[in-house]
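Following this line, the structures themselves.
Across the two complexes that follow, chain A remains constant while its partner is chain B and subsequently chain C.
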Partner chain A sequence: MSRAPGSFLTGLAYYQGVPVWRHALIIQWALQIVSGIVVVVLVASFFANITNAIQDRNIPHGFGFLSREYQTPIGQHFLPYESSDSYLYAFGVAATNTIIVSIVGVILATALGIVVGVARISGNWLVSRTALVYVEFFRNVPLLVQLFFWFYIVLTLPPVRQGYVIVDKLYVNNAGISVPWPSPPSWDAALVWMAIALVSIIAGAVLHRILTRREELTGRPSYPLITGGATTVVAAAIGWLIISAASGNAPFGISVPAPHGTFGRIAGGFTISGGLMALLTGLVIYTSSFIAEIVRAGIQSVGRGQTEAARSLGLAPMAALRHITFPQALRVIIPPLISQCLNLTKNSSLAAAIGYADLTNVGKTMTQIAPAVSIYILLMVAYLAMSLTYSLIGNLYNRRIRLVGN
Partner chain B sequence: MITVFKWIFPAGLIIALSLAIIGCESGDTEAMQSEINDRDAMIAELEAEVKKMTEEMAAMPDPSGSMMMEETGSRLQTVQDRGKLVCASRNDVPGYGFLDDTGNNVGFDIDLCRAVAAAVLGDADAFEIRLISAAERGPTIQSGEVDLLVRTVTWTTSRDSQWGNYTQTMFYDGQGFLVRKDLGVSSALDLQGASVCVTQGTTTELNLQDFSNQNDLNIETLTFEDTDAVVAAYQSQQCDAFTNDRSQLAAISSGFEDRDAHVILPETISEEPLGPVVPHGDEQWYDIVKAVMAILIYSEAYSVTSDSVPSAATGDTKVDRLFGLEGSFGQDTLGLSQTVAQDVVGAVGNYGEIYNRNLGPGGINLPREGGRNALWADAGCMDCPRGGQIYSAPLR
Partner chain C sequence: MASGTDIPQTDSLPPPITERGIVGWVYANLFNSWYNTVLTFIFAAILVLTLWFGLGWIILESDWRVIATLGGNLIIGQYNIEKACPGQDCFWRPQVSLLLVSALLGMAWAISGDRVAKRIAIGVAVVSVAFAFLPYSLERMGLDVRLLLVANLPAVAAGWALARYTPLGSVRWIVILGVLAFLVTLVLLRGLPGVPGLQPVSVIYWGGLMLNLLLAVTGIALSLPIGIALALGRRSHLPVVKLLCVVFIEVFRGVPLITLLFMSQVLVPLAFPEDFPTNSLFRAGVVITLFSSAYMAENIRGGLQALHPGQAEAARALGLPGWQTTMLISMPQAIRNVIPAIVGQFISLFKDTTLVYIIGMLDVLEFGRAFIQGNVAEYLDGTPEFLLFIALVFWVFCYTMSYVSRRVEEHLGVGQR
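Showing the complex of A and B:
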């Protein structure tokens, strides 16, 4: 219409009647494409540089070693391990050690953090000041220093041959705490029984749900908890008896720890090694001081009116916290809490300093005889996989909380 | 883009360096001048030496004669002309090479140097220690600037071919175990079911596992990143034993307050043979050092100590031959005096005395009997093995 006729180039410069350099959509797309190219070029040149350097300098690489025998000891391990096992399996054993630390650590740190966080806003002056000192002390001292502190504290326990023995079943010394633990005479029977037990639990849970619904719908007392629980216990017990009769042995016995050999090292039962004790204590206390602050912030972010309303309805302070304030605070608490749990998992890699065979400790040992580049790539992938899994679980929970809240 | 970045760093470096040089030049002309003077003096010295050598060459009766013979004789001649033996060693490891309270170089390696000095110069104190780092060992002996390298050097085939000639293993170092005496353990084979502390990052863990597997010991391990943590764990008995190179164990335990409550077990589970190294290309010198080491070993085998060096025939043919009182073991071909063994043993003592003084009870207290550093056989009876591996070519 009003455009100058015959000017093809001018026509190209317009899109939907707007000059392209001012068209919002085109500018957005152009920026996306340019930044995309920048990212791709940077990443590609980074990897090209690495691979070139590895080849130029003849740095050993590759993953062929994974199927070879590892032939090196691993300290404490939760999965059965022999020195003739492969690198890959040894890596798995070490990863299990880390996973156990992180799961136990996250549970304990969250529990402790919530307690301290609530104590922090308590009306009791002494309690809130103690919590304040706890938080400020433990979150302001480097974790490695704290780990060494706990490590040396554990070392002050008596050595294994002069350790504390509690009723001949519990051993406490600087090599660790040993407790009686279920142990199967044969894993086949044990696994069958564990499957039966799982089915019993599911059956009990289903029954519980059905009875609860019936109670809600009809008002007839149906005792869902008692019936469901009894079903589970009875079914599992029947399974136990059948397997005992069939295999001649109970699926699980109790392994009691006892001193063994010339050095009186404790064998049998379950041992939390000294390194694991120090590591867990350090990680839990350090992380809980951060979680406490997150919990405090979460609770305080809930409007004061909510608490006042709860109190005016006649709820006691603790009940008001439990039923009114805390559920609302959870929405604020969960996302930073997930980061703290991820931090705990990653911080467990400091274990090498205090002699616990975690993933990083074993990985570092592997670099003596296996290509270091490959080992560190594996370590990164393993930690990433662990963290992403935790993150996923946390985010799913977070979504549920949010839906309930809204 | 990458190529640009690649150049920025070196370019910056060059600019910084040139700035620094310019800065120095304007300030330190005096230092430069004195350096130039030093260099001139050095050049003059070298020129004089070359001139002297040319004159010597000219004075030789038969210049077309065996060049080989002339060359091989030169190290001994050089040392004797200089009047001093130059040994490369260290002064930071108790027992092997360190400074005593009065500032003297002492130690096992130093004593080997003294023995050679006593042999070629007749004076055990006519030596000079050149202190070098571990990384300097190869270049120092390759260049031939020292006569002898005695600095806890492990004998390996690649070093033997590249660095210099290994003369004789005088100490078998290797991975060992430190335990508390009150455990009543006398051998590493008794470590059945023990918990052992180990530092990460060397092949120590591998050797430990191999040893445990081979002997069915079922050893438990605690792996630490740093030596401090390992030592703390060992001292508070979190583990029963501590494994590392024996020389390391000795040095670490010598710092313990209760060092007498600990003992290093006789077994060695990895190969670290240590001995003196001579520069390549002088076979006579190589043979001389080997002969001196043999003198030290055989004088112990014959139970001759520094206090009982015979100066008149004893009637025991072997002893008399060693001390130059009857026959010969090749002293004249080596270019040594007939009574060289009297000088060496009289001044430094036999192998056992050197060991005890530095590594044994008088030093860092490494046990010897039953281990690899014992003599190969009993003194009076060459067919009665003692289980050790300290052995050399017989002197005859």
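Showing the complex of A and C:
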């Protein structure tokens, strides 16, 4: 009510009866507008500087190079690749390399991490101490040091001709490990069978779900796991037999690696290159030491009473861990676990140091001949897409396991 | 009743041997079930084998010449080579910086009165003094170098006395002096043109463990305030501020540090005016700090989220304005709750300083590797020894950090209130 009367000009200085320089809403918006303008100006001058510099110094730019031939070999690749392929395709090959390391690494690191994490809280003193030493050592040493170490070990393996051969099927040497690998005589039959296998898995899963529900509702034993699993196996086997009979060949054979040619190079099977081996070993061990701590904290976060109640109901220790403690611990474990998986994916960029052709490594090589700024943009987009995918999976999972009522 | 007195009053029997003493402990902790017995034997076998071959390797086969040859260069990199520091010996400059650190540690010991601070201060001094007595000839390690190393012991004592007997003994002063010491270190290392004895040393020659520590200290000191600002921005109700903070955090968290570093090599010189000093040290410092503050922001945001809203409401009800509520009530509690995550980020940052190799800086790891690559014939076989040594150095620093963080948590009574 203390509104200052007076001329139109002094009236303007008031908003809702409060002087504008003291009105919270106005101050907030003024701050926002100012900070917005500052950031926009900064970012704009940043980009303006870059564009100017590109034009002044005649630095190549644009995305026209993407359709040209890359003409540089890529060490290990999971998609078929030749030097005559385009930049864009090479970039895709590198992205696939990163994604495969990420997926395999995440699976192995999670498995190892859970084992070490459970060992950390084992009642066995020797086991829990060993796990403690493992965790404290590997997570406090830079990943790069560990990668160099594993890469050195790989490089000290004997050369191809003197390499280790395990029962004529497995070749270990400084070029990598060659293992037998399924290989189809013809891709048509193989794809048909893979489709059949997928359908059988889905059928088995559906059956498993139906029978579980029935068992839960009626209490009659319905053996969901055995029935569902058997359905999948039998359906896939029948598909296999039919395709074998129809095409005269089994849909998949096994390609066994063997020395080839005068240099004894290993052909056939599947070769995991030395760089990939070192990268996976380093990433898995490093990340598992973090996951182990997450798992331990998660299990310890479940109240002691839960385990005690389970034990007093007659569940064996392992059964209590599996059915009572672990499902509850998962709620605590999953969010940091996802962020560790994302870290593993990002850490796979250290592959550049040991010669595995991941996104960063290939991107770095490309900048030597192609416009750097364009490649940076591609790299940023690729990594951001991967990290967003992980966050999405994490959020979806979180929503599913969230406590009801939270 | 009378018959009761007939029973001789003997001491009760001791528990059986399997439940007391060492034997009882072994039974309870190693052989309490059949699978634990099996596990014990398996792990004991693994342990014995590891020790057998590990010790055998260390005693019989390992060759630590590469460490001995590199010596102090592992700590300062190329800082003292003829090209970096023509016609002079510049080794004393990093050493004086170390003395400043020792004095600060002594002060921290006196102020906190904690046994961990004491151990760290004494540990640094003892290790420095021990290095002074390495059995090198005087040509390899001069008398001045040795004396400056020995001086770390009195430096710790001086710092301790300073904090104990002068008004400088408070947390506020140690922070101020710490910042000052950091600036003095930078000036000392960089040099001042025109000052005799302090000729400028180009940052391209800065390297070794010194570089890792400098980058880590800079990153730690700057990423915490930036992270706090970003966390508050992300929780703010102001849409523009929130959007900017979210974009910044997600972009820096989504891209690997090594990718950001190698991008900075081309982008930063392009983005700044041409006369702006964008050397590799500056670039690495900026990128590492920004990268780390994005993670820091998320840690602090987690702490703020876990805080009960009643705290802020009570503060407002007492009449505290918004910024005081945040800075005096919410933020201290939020930070206290996420100390492990914050220190984990510090540790991570320190380990990540090894990645600067990608922009051609010779940190302790890359300096040694470059040396080995340059002398393959002689030193290539020493690679595992070298890597093991570097691993040990990093381990000591990182483990100390996590140990200190646990100690600080105990002091603050986290989990007890």
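The rule we apply is simple: the second predicted complex is superposed on the first by the 282 of 406 C-alpha atoms of A that agree within 3 Å, B and C clash if a C-alpha of one lies under 4 Å from a C-alpha of the other, contacts with A are read in each partner's own complex, and residues count from 1 in each chain.
As a convention for this text, a residue touches a chain if its C-beta (ideal position, glycine included) is under 8 Å from a C-beta of that chain, and two chains touch if they have at least 3 such contacts.
Given the structure is predicted, the values throughout are model-derived calculations rather than measurements.
Asks: For A:384, is the partner it touches chain B (first), chain C (second), both, or none of the two (neither)?
Replies: second
Asks: Looking at the overlay, what does A:353 touch: chain B (first), chain C (second), both, or neither?
Replies: After superposing on A, A:353 lies in contact with both chain B and chain C.
Asks: Who wins on chain A residues touched, chain B or chain C?
Replies: Counting residues of chain A touched by each partner, the higher count goes to C.
Asks: Is A:395 in contact with chain B, with chain C, with both, or with neither (first, second, both, neither)?
Replies: A:395: touches no partner chain.
Asks: If you stack the two complexes on chain A, which partner ends up touching A:175: first (chain B), second (chain C), both, or neither?
Replies: In the superposed model, A:175 contacts chain B only, not chain C.
Asks: Using the touch definition from the top, say if A:152 reaches chain B (first), chain C (second), both or neither.
Replies: It touches chain B and chain C both.
Asks: Between chain B (first) and chain C (second), which does A:127 come into contact with in this model arrangement: first, second, both, or neither?
Replies: second
Asks: Between chain B (first) and chain C (second), which does A:50 come into contact with in this model arrangement: first, second, both, or neither?
Replies: The answer is second: A:50 touches chain C but not chain B.
Asks: Now for A:143: first (chain B), second (chain C), both, or neither, which partner does it touch?
Replies: Touch partner of A:143: chain C, not chain B.
Asks: Tell me the contact category for A:376 with respect to chain B and chain C: first, second, both or neither.
Replies: The answer is second: A:376 touches chain C but not chain B.
Asks: Overlap of the chain B and chain C footprints on chain A, residue-wise?
Replies: Touching chain B in the first complex and chain C in the second, residues 49, 148, 152, 352-353, 364 of chain A appear in both lists.
Asks: State the interface residues of chain B toward chain A in the complex, per the touch definition above.
Replies: 1-2, 183, 185, 190-195, 197, 200-203, 205-206, 208-210, 212-213, 219-226, 229, 232-233, 236-240
Asks: Looking at the complex, which residues from chain C come into contact with chain A?
Replies: 29-30, 32, 36, 39-40, 43-44, 46-47, 237-241, 244, 250-251, 253-259, 262-263, 266-267, 269-273, 347, 351-352, 354-355, 357-358, 365, 369, 383-384, 387-388, 390-391, 394-395, 398-399, 402
Asks: Can you list the chain A residues touching chain B in their complex?
Replies: Residues 41, 45, 49, 71-75, 83, 148, 151-152, 154-156, 159-161, 174-175, 260-263, 265, 267, 274-275, 352-355, 357, 361, 364-365, 368-369.
Asks: Applying the document's contact rule, which stretches of chain A touch chain C when the two form their complex?
Replies: These residues of chain A touch chain C: 28-29, 31-33, 35-36, 39, 46-47, 49-50, 53-54, 59, 122-127, 130, 136-137, 140-146, 148-149, 152-153, 346-347, 349-350, 352-353, 359-360, 363-364, 367, 372-373, 376, 379-380, 383-384, 386-388.
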